[in-house]
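The two complexes that follow have chain A in common; it is paired with chain B in the first and with chain C in the second.
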Partner chain A sequence: MSDIAATVASAAPEAADDDGIVKKKKVGVFFWIFAGWVALVVLASILAPLLGLQDPNNANFDAINQGPTTAHLLGTDDLGRDILSRVIYGARVSLIVGFGAMTIGMIFGGTLGMVAAYRRGAVDSFVSAVSYVMLAFPALVAVIAIVAFWGHDIWKITIIVGIASIPLVYRVVRAATLSYATREFVTAAKSQGATDIRILTRELLPNVLPAIISFFLIGVASVIILEGALAFLGLSVQPPTASWGNMISESRTYLSQNPWLALFPSLAMFLFLIALNLIGDSLRQVLDVQDSKL
Partner chain B sequence: MSGELVVDEGFPTEEETQGLLLKVTDLKTSFATPRGRVRAVDGVSLELGRGETLGIVGESGSGKTVLSRSIMGLLPRRTTTQSGSIVFDGTEIVGAEDKTLRTLWGAKIAMVFQDPMTSLNPVVRIERQITESLRLHTSMDKAEAKATAISLLGQVGIPSPTERVRNYPHQLSGGMRQRVTIAIALACSPRLLLADEPTTGLDVTVQAQILDLLSSLQQERHMAVILVTHDLGVVATRTDKIAVMYAGRIVETTTTRRLFADMAMPYTKALLNSTPRISDPSHTRLTAIDGRPPDLINPPPGCAFAPRCESATDQCRTEAPPLRPAPSDPTHLFACWNPLPGGTAGRVTTLEESP
Partner chain C sequence: MAKFLFKRALALIAILFVVSIGTFFLIHLLPGDPTVTILGPNDTAHNKAVLLQQLGLNKPIWQQYWIWLGNVLTGNLGQSFITHATVTSTLAHAVPIDIELVIISQVLALGIAIPLAIASARRPNGLLDRVSTTSSFAMLALPPFIIIVFLVLIFSIHFHVFPGPGSYVPFTQNPWSNLHTMILPAIVLAVGSIVIYFRLLRGDLISTLQEEYITMARSKGLSDRYIMWRHALRPSSLSLLAAAGLNIGGLIAGAFVVEYLLAIPGLGYALVNSIQQVDYLTVQGITLFVAVVVVVLNFIIDFLFTILDPRIARE
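Moving on to the complex of A and B:
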């Protein structure tokens, strides 16, 4: 990680002000606010059992469909369950599917993309053709079909969505690698006796890493939306386990009586997704300037 | 030159300094393109002794870069067809597997590329770019490799190498970057250094510094150098032998001294005439060679230079001249039916005399 941090630091664009003093351009205050929010959500969902929350599945029929109160900060649902607790536990589902699926996509799609762009030829043609076939399939329909047959287990969903993301990651990583694979420094590394694996990992990977990182974050956001859609259709984790998607789905019935029920999971999802997208975008902007400097 | 080189395993012993290092025989390299087969190198033979310097001179598209990459074995496999033979230090390069070549690359043959802006990895520190091949080819550990990297940077004349080694390429000037690429190439003390227009991307004052640096490092290490350039001024004072290339062939080759004293090819003369001279008054129009180099997909019959040559005859246009020795000196080879009269001397403005 220190290498990435160093790359970020060295690659930060420098802008001279009127005094001729070069200041390193920072990522900006919004970046840190959103990064803080993402960190908060991730930490809260990991540490959920230690936070002293009420049991997310504990029904309390004395307090149903309440708005925010001191006892239940975000209110309760139709079974009197604590919404704050359910939103935090529900984040676990979104995060596991989001980060898990994109990690699968990155490992396979990223590796294939880099190898195809570096080797070209038959390998590239074949893998690219397969990726086009996969992309021609509407991802949501394919995922729904497979989930319906295979099951609603969170890990199964992660794997299926992960596989569905491979061709997308493959295209992005392949394109990013392609622009570096033909550069002279690759030939120069080869002329020093570097092996193909070394060229891929030590010469090309640091160059495509910025693109990979920002696409990873934006990809996580897309996968969370996809999981939300599956949950809304009742094809993700099954009740009573909370997920943002199935909370929104369940809230439909009570929308007129208790709009809070729909608001909080939607807000959590919305803010988390916008934060991921903005972080991904800021990172891309900061990391991408290396080229213009050369 | 500050700092001592830590690595000495690569330095040649007494016996190793004798004899031929590189022998190229009838090398033909061609590329498949949508328009047809480009014969970029068409029957080149040359020899290079240990510690010698050969200058390869020719205009753009004469095949000199392809020749140097062929010697390295660095051309893309799928589109390249090669025949002939390149024997480097007992190893055949033509048709060799990457696995074989990897034991030579960096360790025995190294290359300095034309443009230091693109031949360094923009996101990797100078240190790791130098230590990479040291760790690969020698048994050095991390600390030793780093110490060697710093000492190499000192040897190529980079001030405060201890700090510079932490820099990224974009933090260095063009001249400094080319010094870094030279340090990388020299890291494992290769026997042969191929410098493909190493100064083209640099301004004139820096060019002379870089070339002097190459010469002095070469003498220190008894390393053979092939200097590829389009500028006769660059090779005039820094090479033992010169090969002039045109349309993928060597058209004249001899010792540097003899070439400038008694050149036979009208092309060599024309190339020389098109370098600016310090004695010319300001705003003198540069002499250019009229016309363009021939199409290497369908080369013309006869001498490839005939369409642009002042002394071309009908024989030149129909019959290709063989590379033959000059009557006065069997080591002076040229390919011309109507060589320049004996004693045609060339005078060239070398970089030192440039303003």
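Moving on to the complex of A and C:
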């Protein structure tokens, strides 16, 4: 993964030059472009009611299936609803499910992973065994079945996907913590009488944070894809509520008359996903201490 | 090594046991009343009680589980309340379609990823390498449903090269049109696999090509092509095999959306349909089947690796 980001982000982080001098790592220009895009999407979706957009659910039968015009910058759908407004409001669903589910996964899986890696012993063996079994179960099948029978409102989806992500988060955080848990600075802190909580939050957390943040962002991207897949199966938020997945799914009916309908929400989702992946990748490279020859 | 494999086999049985409990309770703890599904909401309480008795649903849930497990182990997954087809026959119809889909998509994926990775690894950071690594990064951000929508738009609606959704033809009826309808879904599934195989193989080859035995082979005057295929590719083929095995497990679950959208009557299509019809037993049967296939597939890969590379057993 590292070499790809290096290619995409033009200014590849240099670990050390020929003289062995550690240079300050930099992120490329693409990093800032995509970070700006993520910030724009997040801000626009939060501030959507203040942007003077048209009502995303307001039908207008005088202007249906239009391409981009000055009145509707991204065109209108089969009910004459403004696509720009629906893309912006639709981002809310992806953002809530994506960030919400990964936050749930991080709170439970992350805490468990750090504690298990720090304490080892019976707790670690037990939780690790449980996580292996849970990972063996095809999560997508379980998520589809539970969402289908339990209900598909946005909060239920967030919780289900969040819980489904716990074992994977656990394994990643545990592995990241494990490489620091036996290092000298932890032993030093212990010998000074630091409490377990202090060691976990002040000594270990800052070290594993880079790996966690980058995994978090890439995880958000995967959850957004999953939410889109659920929308296509009719198992995400129900119409007329706009979501990127819903919009792309509904666009299939009018694909031959109005391809714009499919294009804009797909583009929004694609650019957002590529941005999350790229930011996650670049951050890991820049923040990873082990990569530089310290 | 025998001891190691024995331990792994025990773990496999334990995991399968937990998977069976998971599948059983997953369906049984969810809301929904099968008597309402079968008899409709307005039937008498007496009729419902009789039906519960017939279905064995009035017994304690653990007892139900053991009866169900006994049936499953003898190959009886039950009969759908809705379509009255046995779950086993539904599986028997759907599974060959998935196998065909996986084979075509993997042939496509390996056929594209291997030559591309070799060509890229030959000149790391060259033009081809930059283009292919960047586009593989972009392909990671392309969800299958977006690929489907645009492939249908371009190839079915615009150029009429491939038939659109819902034109599935069984292989036995007309092998040629069957293959024709399977290419589009196979391409969609192949995209994700290409990214995985390409990135893995490219990274592997670049580090292998810096090994001393490659320099040695070069100094003997062997041609670049011979070195690449006979010396460099060989050690990488192991990790590629592992990735392919894990990936195929994921593909079976991942093919759901593709099958549903293009109306290819495989497992995913059957699952989504039975979910929509609140057909508990079929959902349960398919979930169990997919889970078991994934678990067993991972075990087989593990097993193969222990035989191919005995160092694993010693760890």
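One rule holds for everything that comes next: the second predicted complex is superposed on the first by the 264 of 294 C-alpha atoms of A that agree within 3 Å, B and C clash if a C-alpha of one lies under 4 Å from a C-alpha of the other, contacts with A are read in each partner's own complex, and residues count from 1 in each chain.
Heads up, the rule we're going with is that a residue touches a chain if its C-beta (ideal position, glycine included) is under 8 Å from a C-beta of that chain, and two chains touch if they have at least 3 such contacts.
All of these numbers come straight from a predicted model, not from anything done at the bench.
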| Between chain B (first) and chain C (second), which does A:Pro206 come into contact with in this model arrangement: first, second, both, or neither? | first
| message | On the A-aligned overlay, A:Leu140 touches which partner chain: chain B = first, chain C = second, or both, or neither? | response | second
| said: In the overlaid three-chain picture, which partner chain does A:Phe61 touch, first (chain B) or second (chain C), both, or neither? | reply: neither
| Counting residues of chain A in contact, which comes out ahead: chain B or chain C? | C
| Is A:Ala189 contacted by the first partner chain B, the second partner chain C, both or neither? | first
| message | Under the contact rule defined above, give the chain A residues that sit at the interface with chain B and also at the interface with chain C. | response | 7
| task | State the interface residues of chain A toward chain B in the complex, per the touch definition above. | result | 7, 10-11, 121, 183-185, 187-195, 198, 202-203, 206-207, 290-291, 293-294
| Where on chain C is chain A touching in the complex? | 14-15, 18-19, 22, 26-27, 30-32, 125, 129-130, 133-134, 136-138, 140-146, 149-150, 152-153, 157, 199, 203, 249, 252-254, 256-257, 260-261, 271-272, 275-276, 278, 283, 286-287, 290-291, 294-295, 298
| request: Enumerate the contact residues on chain A facing chain C in the complex. | output: 1, 3-5, 7-8, 132-133, 136-142, 144-146, 148-150, 221, 225, 228-229, 232-235, 245, 248-249, 251-252, 255-256, 259, 262, 266, 269-270, 273-274, 277-278
| remark: The answer for chain B against chain A in the complex is residues 72, 74, 78, 102-107, 109-111, 113, 115, 117-124, 128, 132-133, 136-137, 168-170, 181, 184-185, 187
